[in-house]
Structures are given as C-alpha cells and as structure tokens.
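One chain, chain A, links the two complexes that follow: it is found with chain B in the first and with chain C in the second.
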Partner chain A sequence: MDAKIAEAGAARAAEALSVAGVTVRFDGLAAISGVTLSLAPREIVGLIGPNGAGKTTLVNVLTGFQRPSEGRLEIDGQDALGWSPAKVRRAGVARSFQAGRLFGKLTVLENAQVAAIAAGMSQRAARARAAGILEQVGLGGQLGQLAGSLPYTDQRRLDIARALASGPKYVLLDEPAAGMSDAECEDLMRIIRGLPDRFGCAVLLIEHNMHVVMSLSDRLHVLDGGRTIVTGTPAEVQANQAFLSAYLGAEVAE
Partner chain B sequence: MALSPLKGAAREALLPAVLTAGLGLVTLPVWLFASPTVETFWSEILVRIVLVTGFYIFIGNSGVFAFGHVAFACIGGYAAAWLSMNPMFKQIMLTGLPGPVQAMQLSPWAGVAAAAAMAALVALVVGAAIVRLSDIAASIATFAFLVVVNRIYSNWDSVTGGVAPLTNIPQFGSIWPTFFFAAAALCVAYLFQRSRWGLMLRASRDDDVAALATGISVYRMRLAAFVLSAAVMGAGGAVYTYFLGILTVDVFYMGLTFLMLVMLVVGGAESLTGVVAGVVAVSTVAQLLRMAEQGVEIGGATFALPLGLQEISLGIFMVLVLVYRSDGITRGRELPLPGFLKSAADAR
Partner chain C sequence: MTQFLQTCLDAASLGSIFALSALGIGLLFGILRLANVAHGEFISTAAYSLIVPFTSVAAASELFIGKWHWALVIPTVCAIVIVLALATERFVFRPLRSASAPVLMMASFTVSYILQNTILMVYGSQARGVNLWYGLTRQIQWEGLRIPLIQIVTIAVTAVLMVSLSLFLKYSRFGIEVRAAAEDFRMARYLGVRANRVIGIAFAISGLLAAAVALLYLPQSGTINYAWGSPLALYGFVAVVVGGMGSLPGAVLGGFSIGIAITMLQVYLPPELKPFRDAFAFALVIVVLVVRPNGLFPTKHVMKRV
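This part shows the complex of A and B:
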C-alpha cells in the first residue's frame, strides 16, 4: 500500500492533465482568468462554482475546443496548446457534454463502439469493449436501441460510457447528474466512484449537486467569476469563508 | 450469445445480398421475356441505382448535401468514351486527345474501371478543399464544381467534342453487365457503411462536435467518403455511356442532378434500401407520367396529359413525400432482417 502511494506520488510529478495561468477572453471580456488546475491519474477532482463561473470554458480549454488567450495546457508533461480536440482525445483526455450530444441515429452499442474505434481499436475489439462498458453503466439491455430514443438519464449514462470507451486517462464530466432524481443520482455516484479503479482514469467532475460533488471528490476546485477562489479537500473547502460567502452565501445566511 | 464467424459474416452480407437478389429477380424475366422498351426502362433503373448509390455514399453517411456529384459521372462518362470509342472517329472528332489514347479501344469493363479511377483522382484533389468547408458552404462549392466541369466539357472541343454528341461507343450488348455494376455499387456502399470509417463518418453526421471530442478526424472521414462516392459516380457515368452508346455533355447536368436528388430524398437519404426504393419508385412514376404525356387510347379516343406535366408531377410527388414521410419512404432504415439473425447480432 505504501509502495502504491509512493508510486502515485512519483507519477504525480510527471503525469497530469494541467493548465497553468489560463485566461480566456471573448471580445475582451474574460470568461476565466489566471486559472491553474491539475488532475493527477486516478483522482477525482470536483470543479464547482455558480453559473457563469467559467467551468465549461475551462473544460473546453482542457479538451482542445477552446484555445486560451494566455496560459499553458499540458498533458503528461507534453505541451498540448493548440492541439485539435481529436488529438487531445487521442492523448487520453475524454469528456462528456452537458447537452448529451449523442450520435442519435446510431445504436447505443455503436455510440460507444465508435469511440473505441477512433482510439485505434479493431471493430471486433471495439464492439467487445463497448458492450462491456455499457453493461457496467447499466445499459447492457439496450445495445440495439437508437441512442436518440433513450430516456434522458440513460442518455447521460451513454455519454459517460462513450467517453470511457476509448480508454482515457482523464475523463471530464460536465454536469452528469443534471436533471436526475435522487435514486438516479445514487446510481450515477456509484458509477463515477468506481471509475478510477475499474477504468484506471482520473475524473474532473463538474456538478451543481453539492451532495454528489462533496461525497465523490478527493479535492475541490472552486471558481467564481472566472477566478479560482478556493482549492482543497471537501472538508477544507466547506470550512472556507470565501467559499461560503461567494458560493453558498445566500444559503448560509438563512 | 456466441456466434460463429461464418454466421456473422453471413449476416454482414445479408442486406446487399437481399437487395441484389431482389434486383436480379426482376432482371431475369426482363432479360428473358420483356420487350426492348421494358428492357431499356429497367436498364435505366439499374444505371440510376449506380449513380444514386454514388450520391448516397457521401450524402447518406456524412449528412452533407453535395449537389455536384453528377460532375464525376460526367468525368467518368467522357473517360469511357475516350478509351472505348472507335479510334477512327476519335482521330476525326477528338484531335486533342493524346496519340496513344486516340489509338486504343478498351472493352467497356476496362473503361468503367478507368472511369472510376479518374473520377476518384479528381475528387481527391477537389475534395481536399471542399470537405474542409462547413455544411452549406460545402454544398454550394460542390454545385459550383458541377458548373465548372460542365463548362469545361462543353467548350473543350478538341478533346470532348464540345456539345456535339459522341457516337460509335461500344455497348454492353446485354442487361447483365449493368445489373452487375448496380450490385457492385450496392456492395461497395454497404461495405463502406459497415466499415470503421463508415461508422466514424455516420457518428460525425449525427453530431460533429461530439465526433471531434470522440477523437474522430471528421475531415479525413469525409474526404474518404467523397473520393469513394466519386469513384462510384465515375463508374456510373461510364455505365450510362455504355448503356446509351452515345454521349452528350448535358446528360450529366442539372436535370440528372435533380432527378438523382429526388430519388435519394424520396427513398430516404440515410439508408441503402432507400436508394433502391427511391430509384424504383421515382423511375416508375416518371415512366407512367411519360406514357400519359404520350397519350392513352381508350375506345378510339386518345387522352394525353399536357407536355411538361411529368416534371411538375415529380416535384409534387417529392413535396408529398417530404410532408408525410420526411425521412423518405424507408424512413432512413434498412430492410428488416430475419428475426433470428437480428437478435443474434444484437446479443453480440
């Protein structure tokens, strides 16, 4: 166990998905400014903040969809600034989308399979891997159904399965619990909690549901108005005055 | 459920096999019993299946509406004429052709292959630029390409004979080669659609942002489909030329483009079954209207529809299909497969 921790510690120095001093400006207006964040292998980091705090912009930077105006993006020590989203994905960074964005006219199986194929697997191996992952997220019974016809919560789970299918090292989940009932949330939490061990990947979890994000995250990163206001363990963050006033201010006052 | 590779392969080949068998079942009695008029009608359907399949390979899988693919049929048609026309006539009419090409007379089979290769080559160069464009810009660019090709082939007199028809092109002499090429086109399209590239391209058709996020090089997949579909269009243009035995440049222009797109939309642009259904349905309706225009004799009196009603009616037919079945008459689905094979496939 000690050896494992030491190994993880050594790996942390070189291996990480990280941004440093990232600023994104749209027409001079900064969506995020000077944000530094790193995601080490197999850890779960919660990224939280009020609407408009710049969470999705940060995810877009981390996945190559948004080139930052300033700052650095590194994947396992490689400078990844200016890489295309497809290249970032092949380097091991996968994401899910707030809006689902499934391949609606492909089947559930094909949605996950195509991600594994894009990662270079043969059709047969991709199909087997996709089926295995879908089984684990609870979609094993709907492999032949068209993705567009799935109920909303199943679409979220398929989106996660698709992100996992290429065997990513880092997975960025953009509000996976949005719109889910409590029971569905519990089910989703069980899946996300298992990701580091079952799939060997780190998770950056963007989530508004405090219960979900507090109980899953090893560390939290709080954004407000495009700036980092607090980082730390869930306990540290919950005790932090800046977090309480800026993010949960209204609720605490009650 | 475990599935033997043989059974899996059989299922993979089932759809093109069923479609081909269906076409073959019509072609056989046509070949044995039918009048020349009916044989011509059916041959034309088979040629159109090649061409619409060419359209489908790009449009159906990428979701980008390309209006200019008939240009590749034009390129293929002329390649066929250059290679197979009677050399004597080439020396008189097409003085600009290189000497060796003037002297040769290839068989129609070799001509179709060469036409496909030439169209693919042009598509590789043109497509490298066109498929970079976003959806509507790409559509317009392919249309512009069609106009450019038509203008060049209409005016390059020493090589294409301009707008004058080219004659003395050998014909297949039977309906079977045409049938073969229709079947081959369907198989090529099916293999592509089932391939890893086809799957990645269809994913990008549904959501190109998610496709990029999934690591798919949308550009490369689109270019591959563009080149392959152009090759099939080139082959189709050559088959059309060998079927007619005569070639004029305006055969491969707006009229044909409109007809092909109507067939694709009516059948359902997102399935191969839709290609066949659309070609057969629209060709049949068009033929009935043409006959009605020529007049029907009932009890000594001839009743005829006014000329031009054929095009108007085809337009109305397309509107009706779009209003009531916007996914086409197949609703974008393939033929239902027999239950036992399908459930086995789902279980894999």
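This part shows the complex of A and C:
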C-alpha cells in the first residue's frame, strides 16, 4: 500500500515538461548554456530575457525543433531527446509561432480543424472542437474567413487556437502579444489566464511585454546571454538585483 | 454562327482533356513541388492496358481489357493507373522525400523513360489502332450542329470529376489535410498530418485523372504509340504554368485557355500556317508568361515557396 502511494507520488513528481542542463551551440557559439527549466501541469511560467537571450532556442529545444548539444529533455518522465517535433507534439506539447505560419488559403475554422484532425479526431469531432476553441479566443464570428485575410492580431489568436486544437497538456506561446494594442493585450491576457482551467494545459509564455508577463505568470524564468540568471515568482524576480541590472539595466541606470 | 458554336464545342472538349491533365500534375506540384514528367506515361499506360500485349502489329490491335463492358473497363483501367502511381510514389518519390525540386524532377524523368521503354518492350514501337467505344464517335445532329457524342461525354465527365474533386478537397478530412499540406508541408507534418497518407491520396487522384484523360481522349484519337501520353502531359504542364503554379483552379482555367487557343488557331490560321499551329500556341504561352510571369491566376504564396 505504502509502496503504491510512493509510486503514484513519484509519477506525479515526474509529470512535467522539463529540460535539464541544456546547451545549444551553433558553430561552437553557445546560444544557451546549462539551462534547466520545468513546466508543471496547469501552471503559467513566463520566459523572459533581452533579445538574443536564447528564448526561442529554448522553445525550439522544448518542442523538438532543435536538438541540444548537451542536456536532457523529458516529457512526463519520458526521455524525449531526439524526438521529432511531430512526436513531441503528439506527446502533448504544442506551440505557437512568432511568424504565425498559418494556412492562409484555409479558412479560420479549417486551420484549427486540421490540427484536431491530424491529432486523430474524426472530421465531425474536430470541427466541433475547433469551433469551440475559436469561440473562446474571440474568433467565433470569423469561422468562414480565409486565414490569410485576417488582421495581424487575429492571426496571432488563430495561431493560439490551432496550438490548442490538438488538446495539448503543455502549450508554448512565442510572443503572442507582439504588435498588439493595449486593449488587445488585455483581451489576450484574459484568454491566456483562462487556458489552465478551460483547456487543462500549462503555459510557457515568452513575452517582451512586462505588464503581460508579470501579471499572468505563476513563476518567471529569466535568461540573459543564454544563461538562467533568476527564477522565482514575479515579485521575487522584480526585487532581484541581477534581474534589474541585466534585464532592465538601461532603465535602472537612468 | 453555327461554325463558331461548333468551334466552341471543340475548344471546350479539348480544354477539358488538358484541364484534367493539368489537375493531375498541379495536385502533385502543389504538395510536393514535384513536376511529374511521368504523368504522360500514366496516361499512356492507361491506354495500353486496353490492348493485348506481345501481339504482332496489326492495323487494329486486339482489345484486351477494352473488350469488356464499359462498367468494368473504367474501374479496371483506373485501378491499374492508381496502382502504378502509388508504386511510383512508394519506390521512387518516398525515398526522395527530402530531395530538392530539381532532383525530384530528374527522378520523374527517369520514371518516365523507364515506363516508356517498358511500353516499347511489351507493345513495340509501331503505332496501334485502338477501337474503343466506337459508338461514342457517333454524331448528334442538333440545330444544324454536328456534335460528336464523345465531346459531350468528355465535357460532362470532366465537370463531374472537377466538382467531385473540389467537394472532396473542400469537405472531407483528407481534403483538408491535403490542402494544408499543399500550402505548408512542413507545418502540416508538424501538426501531425500523416505525410505518407496525404501524398498517397494525391498520387492516387493523379493516377485516376490520368486514366480519365486516356479513356476520354482515346476514342477521339483512335491510334496510340509509346509516347502517346507525353504531349497530353506537356499541355497539362503548360496549363499549370499558365494558370499560376500551385493553384488548382488556375490549372483548370489554364487547361481550358490552351484548349481554346489551340482550337481557335486550328480554325482561323491561314491554311499554309496550320501545320505550325503548336508553335503559335507556345508563342502565345511565352507572351502570357512575359506579361504575367506568375500566370493568369497567380496565388499569393507562390513566389516565396518555390
């Protein structure tokens, strides 16, 4: 009995998307070095850092797009190093893209639907799921419109919907608020804040907008020059000298 | 006026053939960036499957599958070409999945030559008369027009195939996957679209369309040789390019444009220039491409993807 409980506890402890000691070198230059990060179910973690800090490289490692030179990648305790991006996605890790990369000639509904179909759903179930998600991200009125004709900010929301369509356990959002106005940001924040409860997924949020990250994240992970400099709650991070000087150095100095 | 209507009918019928050929080529090009030169041999194979192999040359070849009832001939010929197309995919193009477009094109050239030489080996190099569905060459008299039945059948079958294909692509789950893969293959694969299945379906449809081209054109042409399908595929290619690469409606419209151009040139060129009809047709193609390099009906995404 005790052994069983201990086993269940161990399984729960392993339930996370994590990298440990990850280093990625391009032509000998390290883009990230020795980074350790984990994302537990239903939590929102903010990944921040100046341009060139290695955020997108880390996301690429977490989603199988980039094989690290060193380190480990685990999904719910399974060694996922060397898996193809598609296999990582099947294991429950979905992402959005900075460049969007939507299917411009497919409709809004079809863009989300194809992700659900590809994840193994029937045509009818995929359609219902896609429509439901699009409604929640505020695109319910534009289902029949071609994705390529959407305004930029709507394309970002569709990209998020497409990431959610396969029912992922972990979703990685790469700068979802880029280019959005304040009002649109508020709207996006409401959507992201609801993801753990509505879709049962954890969120890794890569974002430059401090207001967005600070108010949404349970925890923050700060990268600079490819290394982790601080981790902790938003309050802890904001009080940290290393964060202030490295990340907001210029502003603090003034 | 009657003369003009007659010409329009000829143009629509020939355009249908080219449009079907262009659809088969355009579908694979859209998904794989594969300019499948072997499409012509898919068409030839469909035609040759109708006659008895290894026979001595006779004025009219003995029919083999072609002797059967049409309701059996059509599915059998379609099945043969679909199997051939799938085999080509499995053994040539799948191993080359990550190859560049020029490599794929060279591979399709080799497939084309292998199939053409196989036909030469099995059926010989002489042209063969094939008497398929003689009844279809009958002409209907209507309001002073003489309408060959085969033209009506060609236009009707083409319309049905196009409507079915677009419904399939628009509404079926495979159709949505195929369209997503045609637009961004890597992204589709990432989302979990099964590449082998989607590409297999595309090859099967391409084979089906090649069989349709052969069965519709054979009663009109009456004679086949080992290179019979090549010009039909060539016009299909030109239609794809003229229509705007990567767009299926463009391929169809391109096919009809070429059908119309060739028929009009055939009718209205002075008699001494008629033997050079195709040169004029291709000159027109060059003019179109100089004026509109992305084709008559370009897609926005073409340039960055090729």
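As a convention for this text, the second predicted complex is superposed on the first by the 242 of 254 C-alpha atoms of A that agree within 3 Å, B and C clash if a C-alpha of one lies under 4 Å from a C-alpha of the other, contacts with A are read in each partner's own complex, and residues count from 1 in each chain.
Here is the rule we go by: contacts are C-beta pairs under 8 Å (C-beta built on N, C-alpha and C of every residue); 3 or more make two chains touch, one makes a residue touch a chain.
Computed from a predicted model, the values in this text were never measured in an experiment.
K.L.:
Put the two structures on top of each other at chain A: do chain B and chain C fit, or clash?
P.N.:
Aligned through their shared chain, the two binders clash on chain A.
K.L.:
Please work out whether A:89 is in contact with chain B alone, chain C alone, both, or neither, and reply first, second, both or neither.
P.N.:
both
K.L.:
Name the chain, either chain B or chain C, that contacts more residues of chain A.
P.N.:
B
K.L.:
I'd like to know which partner A:129 touches here: chain B for first, chain C for second, both or neither.
P.N.:
A:129 sits against neither chain B nor chain C.
K.L.:
With both complexes superposed on chain A, which partner does A:143 reach: first (chain B), second (chain C), both or neither?
P.N.:
first
K.L.:
Could you list which residues of chain A make contact with chain B in one structure and with chain C in the other?
P.N.:
Overlap of chain B and chain C footprints on chain A: residues 85-86, 89-90, 101, 103-106, 110, 113-115, 117-119, 122-123, 126, 162, 166.
K.L.:
Which residues of chain A touch chain C in the complex?
P.N.:
85-86, 89-90, 101, 103-106, 110, 113-115, 117-120, 122-123, 126, 148, 162, 166
K.L.:
Using the touch definition up top, name the residues of chain B that touch chain A in the complex.
P.N.:
Residue list for chain B touching chain A: 195-196, 199-200, 202-203, 205-207, 209-218, 270, 332, 345-346, 348.
K.L.:
Touching chain A in the complex: which residues of chain C?
P.N.:
It comes out as residues 172-173, 176-177, 179-180, 183-184, 187-194, 299-301.
K.L.:
Write out the stretch or stretches of chain A touching chain B in their complex.
P.N.:
These residues of chain A touch chain B: 63, 65, 84-86, 89-90, 94-95, 97, 101-106, 110-111, 113-115, 117-119, 122-123, 126-127, 131, 143-144, 162, 166.
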